[in-house]
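I've put the structures underneath this note.
Both of the next two complexes hold chain A, though its partner changes from chain B to chain C.
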Partner chain A sequence: MSYIKKPKFQHPDLQVNDIGLTRRDYEGTLTTLCGGCGHDSISAAIIQAAADMSLAPHKVAKISGIGCSSKIPSYFLSKSHGFNSVHGRMPSVATGANIANKDLHYVGVSGDGDSASIGLGQFCHIVRRRINMLYIVANNGTYGLTKGQLSATADLGSKTKSGEESLYDNIDMATLAIELGATFVARSFSGDKQQLIPLIQAGLTHKGFAFIDVVSPCVTFNNTEQSSHGYKNTWETYVSLSKVDFVPMKEEITTSYDPGHGKTITLHDGSVIHLHKTGLNYDPSDKNNALKHINQHKDNGEIATGLLYINQSASDLHEIQATVDKPFNLLNNHDLCPGNEVLAGINQQFR
Partner chain B sequence: MRNLPQSKIDTLPKTNDFVVKFANVNGSGSASANNMFAKAIFRMGIPVSPHNIFPSNIQGLPTWYEVRISEDNYLGRREGVDLMVAMNEQTIKADIDAVLPGGFVLYDSSKQLSNNLIRNDLHYLPIPLKDICLKEFDKPAQRQLFKNIVYVGALSALLDIDFKILTDMVSDQFQGKEKLISPNIHSLELGYQYASETFKCPLPLKLKKSNKNKDKILMDGNTAIGLGCVYGGATIASWYPLTPSTSVVDAFAKYCKRLRIEAGSGKNKFSIVQAEDELAAIGMVIGASWNGARAFTATSGPGVSLMQEFLGLAYFSEVPAVLFNIQRTGPSTGMPTRTQQGDLLSCAYASHGDTKHILLLPSTPKECFEFAADSFDIAERLQTPVIILSDLELGMNEQICDPLEWDDKRCYDRGKVLNEEELEKIESYGRYQDLDGDGIPYRTYPGTHASKGSYFTRGSSHDANAGYTEDGDIYAEVMDRIALKFKTAVKYLPEPEAPDIKKNSLGAIFFGTTTSAIQEVLDSLAKKGISLDTMRLKAFPFHDSVSEFIDNHDFIYVIEQNRDAQLKSLLKIECNANEEKMISILSYNGVLIAAKQIETEILASLDQAEKTGDARA
Partner chain C sequence: MKPTDINDPNYFHKVVDCQWACPAHTPVPEYIRLITEKRYTDAYMVNWHSNVFPGILGRTCDRPCEPACRRGRVEEEPVAICRLKRVAADYKSDIKDRLPSIPKKKNGKHIALIGAGPASLTVARDLLPLGYKITLFEKDHLSGGAMRTQIPRFRLPMEVLDEELNYILNMGIDKVFNNEIKSMEELINQNYDAIFVGTGAPLGKRLELPGFEEAKENIHIGIEWLANVAFEHTDSIGKRVIVLGGGNTAMDCCRTSKRLGGEHVTVAVRSGFDEMKASPWEIEDAINEDIPIVNFHVPKRYILKDSKLVGMEFEKVRKEFDKKGKRLLVPTGEEPVIIPCDDVLCAIGQENSFPWIERDLGIEFDQWELPILDKKTFQSTHKKVFFGGDSALGPDNIITAVAHGHDAALSIHLFCNDTDIEERPSPLTSLQSQKMGIHQWSYENDISNDVRYAVPHADKAKTLNDINLEVELGFDEDLAFNETMRCLNCDIQTVFTDKLCIECDACVDICPTDCITFTANADENQLRNNLLAPATNNEQDIYVSGILPTERIMAKNEDLCLHCGLCAERCPTSAWDMRKYLYNTPKAANA
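And now, the complex of A and B:
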């Protein structure tokens, strides 16, 4: 826990966004993670992303599991409700919350231990159920809070600080999400805010299950030259398949994109993702192509990042189940209770 | 057909007071025929209680349906069978052995009965069911299924069941499927005709129309729970299939599809999610309840074992949750299709650390309905999980009970939840502050107010403002406040039922389905000059009157359906009850406790007391 209170001082000339809030309004409590932890960069990216797109903080619910990763919802959006649940079970809590109120943005934050091991089952099923949310895995290949055991995302041969070597194949959360039917899958690096922020914004806006696997090095236990999730290895091996810009719906689109220089994807609310053309000429709308590219890069010892896959035509659980427009948590007696006369009729069927 | 020996024992005539048991092979279509038999008796105004004793299997294993008929309204189980419908060759020896001397055996005489199955103290009712159906029907499935209907027709003649009631039931059941009505009625007639031509009908066992079931309904507890959830405002059910709880969600789904469709849009005011396991099922309930919707899950013992960690989270972070535990025989997989009250302790204190949970203990389908609806009010008022402990006996068997009622003036009690205007007025908000001194803090739903009322829910230790803390004193303060909340809880829970306490020296405490045997025990003991005061528990934590009841009696029989006397332990822990004065009567063989066992054990203990001067046997 933090023993230092965060100062409330605010610079008078701090810029305000469209809804009159400053960046400070999107912050949380002071971090208690180790200095240099990748996870703090993820918090900062979420703060920046939400502030820049003028998201109303109270219309966001933050849900996490257990572990270093799952602490971070404390460190951003203090005006949002948060729920730090139990280890590996964030997906079920987020599912229930989402069914109860379809009108909020849901941000789930989990780690590789939380989602790829103890919670792998729940992860698979939340993808299948197409819960409308942004699910971020802060992926460092290690169990930080219990002092550096290997996790299931550590690559074969990867070594932790204590010298423990990963003897088993890793689980790739991004390919898993694509195979299970996630409709927005990205991978990024906590050290590359320019890439991460627009991906977070696009993920928050995408209708359906949006997943971002963020390589986020653990400076204390898994940042050696031999660890697949360390800063050195990630900087050297990550390849951006596509450079992304996010333009919120409200903003007047001032930048004009030459069709020859990339691809523009309009999200359901009118926001726009612009994919800059890279030498790879990558098409994220093709599921099989996405899997092929990710695996090819892996074979070359590289980490494919950027927007890996997007499918705009899919529905979310509320659409699949044809739920009413009004959020369930606003339905009252009048909406829900059939009354005594109906019950009298039901009794009659049991006579 | 060879002549069977005449029974050497005459049957005492019995009207509206006997037991008929059907021994079948599961998957043979006997269930609906047997249900029809029980329901016809119900419609004749005669008290009747059917009990399914079925295997954890889909096809081919033995299954029984035991129907007790009792003009005196004794609806518990009675041991001994007066008429056995012996349709299963695998079990026929044991089934015939179970018939009381002077009783009857109806069997399929298409095949000769072997000599070792002939008892000279029984009456045999041979009916060539297979041959009749082979002759009358062409399709193999019909030949199999209608054997069951033929024996119901025969029973109609043998026991004097109003034949019109049976034919009306067939017409009701197959409304819209007219093709099925005539072969069913034809089968009933075949059986009726054969029996009345072959045997002296009615038998000395017979039924006579009565008026005991006026206004009553015949319903199973799980259906009543499903309906109670609809009436109680549940919008979300997440669950994992598990016998004997599955029919709770089936019933909820069925009534939602009928009663919860939005007029105009045709959209659903409910969501049902079949979860990947019970952990996810309770996780969704907690997420939904945290976000202000009414949600529940239904499971049985193995599911509750998996939900323990989440129940502790909901207890400590004070999130409402409703869980129906339809208990079955444990431990482990146990006997999945048999009944038990074996999860009392594991539910009262589910999860690690100091935890405690609200339990509701229904004993009739009507109470299943009421407690289901009430549980959402209680969970939201107290911001904690509520576990409704039913069991297989109550959940999956039809019982006669009073009709379900709903007070149209009733409004849901959503508990202490601050809305936007209320938040606007207050200066500061602390999620776990005890402003009213009752231990119950104020909640807010996510998304309520732009700048006030947000907080961080966590299972780690927290202070009154929901901030993380490792300060032991602050942790202890929170734990003490939650303990206070559980003292407050008692006033929101149904009080125990203790009808006219006569200050006897002997008392009996019990709950749930054990209740079905009690009136019979009391009446029988009264004839022997023994009287008992009784207390039926309806909820945990216990009301003060429970301690008083124990204090005011010299000896208390604690009657329950498990091996380890779990209720006795709970009374000892929670009421500081003197163990010396509590005498356990326990049943744990997987079937409903019978009055006879209770009476025998009470008499034995009194007999022993007379010899030793101490009622403890």
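And now, the complex of A and C:
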């Protein structure tokens, strides 16, 4: 943390977005995490993504659990709605909020402890129920807030700063999400914003449950040479399955791409994800292929990153439940109790 | 781009925009911090060593530092550097015991200084502590040169002027005042070890238009008239006055007229208002005293009635540009404007004049009658004769004269020691970490968001009736403190050690002004465009690191850095550190 506030002076040429805001307007309070924490880069990426997309801050809700990761909603989008919930219970709160008002963008931020240990059950069920939200796990392979114990996502053989070695294989949040029915699954690295920012934008635009597992090094407790989640190892072992570009709907109309250079995915609102070829010729629409690739890279000691899997045909919770178009929080007495005439009509159906 | 060589003394010096812009390279942020701490005497001495006349310059400087100030690029207005200098002078305690001691035993060298203005006095200040014997010649009976004769007392009170002149005069100068040198040849024959000419640009001009001969009595040369006012030979002027010219002398002439009986004082400028040479604040002060400034008025003739000056005729013009982009003043065709007047003050420029230097002594002059000099050493084509101030390179300002004086003194010292005067000592620099704790720095990085504070003025009704009453009251201690907190501390440098960097992006994420980018290396133009916020100000450097493990480089745009230190606070490996860069120009004492 710092004793001073971030100076309000900003670059005079800072871009102003469609709703008249600059990136600085999407900031939160000054971080209190350790200097160099990957989570701060995730905050910065969310800030940049939201500014570039001209998201209205009041149309965003930030929800988190407990942990270093779950502190970060304070550090971005200070004009948005926020709920810092109980440990591992962010999914329940997000589900409730989404059911009450499906018109907001939901950003859930959690960590490996919050989602892969205490909250693993909750995580599985929110994936399965396909809540329309972006769920980010800031994954550092350690319990930073309790001073650096190994977490369930630590790779086999990885060592913490105190020398403790992981004796178990890790829980891979991305493969888990794919298997449980998530319709947008990506992995990225806090140090690579060029990849992370378009993924966040695509995840926010995707209709359905979008999940990004972000390797986000704990600079204080898990940044050793022997740690698979440290900066050095991640820089060396991460492999980008495809270079990702996100083009919002309004710009896509005027942007032309040579189809020979990659794959284009059009999202439901007309925005587009461009996947540039990297030589791997990766196809993210095939679930089994995705799982195969992730595991193959893992076997090679590499981390597969980029857009791993996308499925735009599956329905989200509201579609499955066939809820009304109007968000629940806007339903009034008349909507909920339409009167005797309607009741008579319903009863008539059963006669 | 190649990695930046931060050992080049000019690299970080250039980042301290104010100090870089100051001709004497005064360590501005250093003394501003001392003022914050109410260490006024220390702040004064930092100034005194660099610019010799802090109290005088704190009131009269042309302030090249202020347009350069980085604060002016991140918000509207620069820090009031000049008036903070005055604060140091106003609130200091006795400094006499801090002045350099003058050796009783002299070094046997005898130097003659001609003209007791800022340039000569700076030479004296630098050489007396080294044991030189100095003889100072001055045509007037008092020292100070243009600081006394051209700057009115309502801008620079007598006691402030005398105090700072006396610090030097009391070091044991052989004063030969009221003694105008009429022949350089005679002086050279007196076998001084070196001669320094600091006689200023003493020649003013009068505008000779139709009617001039008859009206001559009432047409005055601005600088001569101001000198006569300063020496109390002149104490009145006609009720209606026209001042011709748009420079600072014109502003001093019109404001002085207003105090000596001028009721209708008008400044007439040939070109446009925005082309006026006067400092904006001096124009503002004249306007505040209800003096109209008419622009695009080209004087045509003096109008007489019964052989007496009664007015001037002006032609109205407008600005146009020819095909080559040259600015032209084209008559508008309107009726000529007649402005009635009793007196005209001409403030239309000054020139150098050396009628007293014989042309066969080996001192060569160029076509503008300026001595041919080595611009670094200020040595003329006669190796014993040096020039400085306005007499060296033409009319400029006090702080430039001081800078010349330092350089000339160094040259004279090297020359008298039979060393090569081209071999200048290096500047005195230091780069010291300011880290006190994890998030603590020995400087105040929590800068103020306040806009520039205005200096309070004395009541106009009083100042306009008393030519010796200072208009500006100066900052009080509270205002001064608030103004110092606007300084960005640009001398506290962001120093990057690439070997320590783990490329975590913490500095990139925190930087309020998007100065830092990690990217692939490229040539400078390309790199400037590839930065997070493109670096369009080419006058400001890009700080480039060596190649990092990911084969990227760190590139920092120095242009808008707030020196807040947040990059260094967030850096987990201390790859960034905030280090104070002190830079002092080499002076005679360092040779």
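The rule is simple: the second predicted complex is superposed on the first by the 319 of 351 C-alpha atoms of A that agree within 3 Å, B and C clash if a C-alpha of one lies under 4 Å from a C-alpha of the other, contacts with A are read in each partner's own complex, and residues count from 1 in each chain.
Basically, a residue touches a chain if its C-beta (ideal position, glycine included) is under 8 Å from a C-beta of that chain, and two chains touch if they have at least 3 such contacts.
Predicted model, so just to flag it, every value in this text is computed and none were measured.
Novice: Based on the superposed arrangement, let me know which partner A:H268 touches: chain B (first), chain C (second), both, or neither?
Specialist: A:H268: touches no partner chain.
Novice: Determine, under the contact definition given at the top, whether A:K147 touches first (chain B), second (chain C), both, or neither.
Specialist: A:K147 contacts neither chain B nor chain C.
Novice: Considering only touches as defined above, state whether A:P338 meets chain B (first), chain C (second), both or neither.
Specialist: first
Novice: For A:W235 in the superposed arrangement: first (chain B), second (chain C), both or neither?
Specialist: second
Novice: Per the contact definition in the header, classify A:F328: touching chain B only (first), chain C only (second), both, or neither.
Specialist: The first partner, chain B, only.
Novice: Output check: A:K292 vs chain B and chain C. Expected answer is one of first, second, both, neither. What do you get?
Specialist: Touch status of A:K292: no partner.
Novice: After superposition on the shared chain, which partner residues are touched by A:Q122: those of chain B (first), chain C (second), both, or neither?
Specialist: The answer is first: A:Q122 touches chain B but not chain C.
Novice: Could you tell me if A:G191 is touching chain B, chain C, both of them or neither one (first, second, both, neither)?
Specialist: second
Novice: Which of the two, chain B or chain C, is in touch with more residues of chain A?
Specialist: B
Novice: For A:Q10, select first, second, both or neither according to whether it touches chain B, chain C, the two together, or no partner.
Specialist: Touch partner of A:Q10: chain C, not chain B.
Novice: Just to be sure I follow: which residues of chain A are touched by chain B in one complex and then by chain C in the other one?
Specialist: Comparing the two interfaces on chain A, one with chain B and one with chain C, the shared residues are 1.
Novice: Under the touch definition given earlier, write down the residues of chain A that touch chain B in their complex.
Specialist: Chain A residues touching chain B: 1, 56-59, 61, 63, 73-74, 78-86, 89, 91-101, 103-104, 121-122, 124-125, 129, 317, 321-325, 327-329, 331-333, 335-340, 342-344, 346-347, 350-351.
Novice: Over in the complex, which chain C residues touch chain A? Could you list them?
Specialist: Against chain A, the touching part of chain C is residues 73-75, 439-440, 445-447, 449, 502-506, 508-510, 512-514, 533-534, 536, 549-550, 560, 562, 564, 566, 569-573.
Novice: Using the touch definition from the top, list the residues of chain B that touch chain A in their complex.
Specialist: 43, 216-219, 227, 230-231, 233, 235-236, 238, 255, 259-260, 262, 265-271, 273, 275-277, 279-293, 295, 309-310, 313, 403-408, 410-412, 444-451, 454-460, 468-470
Novice: Given the complex with chain C, which residues does chain A contribute to the contact?
Specialist: 1-14, 24, 31, 34-38, 40-41, 43-44, 190-191, 193, 217, 219-220, 223, 231-232, 235
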